[in-house]
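Two complexes come next, and they have one chain in common, chain A, joined by chain B in the first and chain C in the second.
And now, the complex of A and B:
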């Protein structure tokens, strides 16, 4: 078993990378919120979702977090009347992506908070390590 | 109480605190994992009772005790469980984490001051 404080830092860093992957998915969704299909009647960009799961790290015996899967949101597309668009069907309607920017913003805030708390956990563990090292300095 | 047993006790406490830090970091990392249940260690009081430190043969002077096994994990009583069956409350975990850090600071300072006492008595 490795040092518990070092192991707790690696657990927190797995949380950091999970939350930053979540940020990536959110920005993909936001960037593609107006991406329609290229040919008449084609499907536009479909919103992505991310799921996390806990996994046992066999080296340290701690439970880290990992990405379970990146899936697609099956909800319906919005239909807009844009006869000039290359993606418009015979009647002039275009399918728009099923991205709701308010949901993405709320998700982004939550990812931000979770990232911050993992960062705080790393800071705390590092402080404890340095307190232990300070024990060596007291011998004078 | 002898100085060496105080330092031994402080050592057990420091190991318990670092083991607890892992549990708390785990909970914070899994704040968005569906079905994850928040965990914590048994209290330090309970660990000490199980170790039976009153027996002089068990004291820090003897062979190194195997007290890692006494650090058992328990499920934290869930305050609120989310839709995805996750029971982690980030505020509670961060609060426990800062408590752990301040107790660790206390423990290392105790070791430091007893160490100063030993060196003072050696130097005369």
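And now, the complex of A and C:
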């Protein structure tokens, strides 16, 4: 496992996992962008954030990426006037989730790009391994 | 031909240490023969394929992520390719020797 090319593939694989988890958090935020509380005055869905950290993989000696924390965005909720909602307070106002779909879209694009570059790194490392193995074949 | 150099450089673990043929009490242990080498290469390739298949099946069942399944399958494929290439090379060398005029 100490082969650097194999190690780089496992590093890229950790990047793929990290970005897919990020994608999960983004879709959770988007799906719950209208999730209010169930009782009057209750807090609605709070936007989730994800942070990554570097981890040393002791088997290969490579630095992989891992999820550090899935936290909550502490920013204020939007207030909307919806007297009919079960979550409306006495004055008829409802707290809406602090999810901004434009921010989520931008995040999604970024996750997509990062995933793509990790994939490209895997592809490249695989090609280099195959090229090296092919040395044995052609020089018969 | 230095066969031990090949076996120690090979990435799969089972090659280097498993079989040491015993040619009698007084003689020092000799390097592996062609047959043993072929056997070891085949075994390690089969083991790599099996672990790749296990991860792929786990991913189909939803227990492992797609990424890990793809990585395991790719790793298995690569060690199989490497094993096949080395095997072809060794068989070629063996044929070369067997065709030699004495």
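For this structure, a couple of remarks:
Just so it is clear, the second predicted complex is superposed on the first by the 139 of 140 C-alpha atoms of A that agree within 3 Å, B and C clash if a C-alpha of one lies under 4 Å from a C-alpha of the other, contacts with A are read in each partner's own complex, and residues count from 1 in each chain.
Just so we're on the same page, a residue touches a chain if its C-beta (ideal position, glycine included) is under 8 Å from a C-beta of that chain, and two chains touch if they have at least 3 such contacts.
From a predicted model like this one, the values you see are computed outputs, not experimental measurements.
By the document's definition of touching, of the two partners only chain B reaches A:8; chain C does not.
Shared-chain residue A:62: touches chain B; no touch with chain C. Within the superposed three-chain model, A:52 lies in touch with chain B and out of touch with chain C [touch as defined at top]. Put simply, more of the residues of chain A are touched by B, taking chain B and chain C as the two choices.
Contacts of A:136 after superposition on the shared chain: chain C is touched, whereas chain B is not.
Contacts of A:126 after superposition: chain C is touched, whereas chain B is not reached. Applying the stated contact rule after C-alpha superposition, one finds that A:117 touches chain B and leaves chain C untouched.
Touch criterion not met for A:36: it reaches neither chain B nor chain C. Overlaid on A, the two complexes show chain B and chain C touching the same residues of chain A, namely 1, 3, 9, 134.
Residues of chain B that touch chain A in their complex: 14-15, 17-19, 21-22, 24-26, 28-34, 36, 68, 90, 93-94, 97-98, 100-101, 104-105, 108, 111-112, 115-116, 119.
The part of chain C that touches chain A in the complex is made up of residues 11, 65, 67-68, 71, 74-75, 78, 81-82, 85-86, 88-89, 92. Of all the residues in chain A, the ones that touch chain B in their complex are 1, 3-5, 7-9, 11-12, 14-15, 18-19, 22, 51-54, 60, 62-65, 110, 113-114, 117-118, 120-121, 124-125, 127-128, 131-132, 134-135, 138-139. Within the complex formed with chain C, the chain A residues making contact are 1, 3, 6, 9-10, 13, 16-17, 20, 122, 126, 129-130, 133-134, 136-137, 140.
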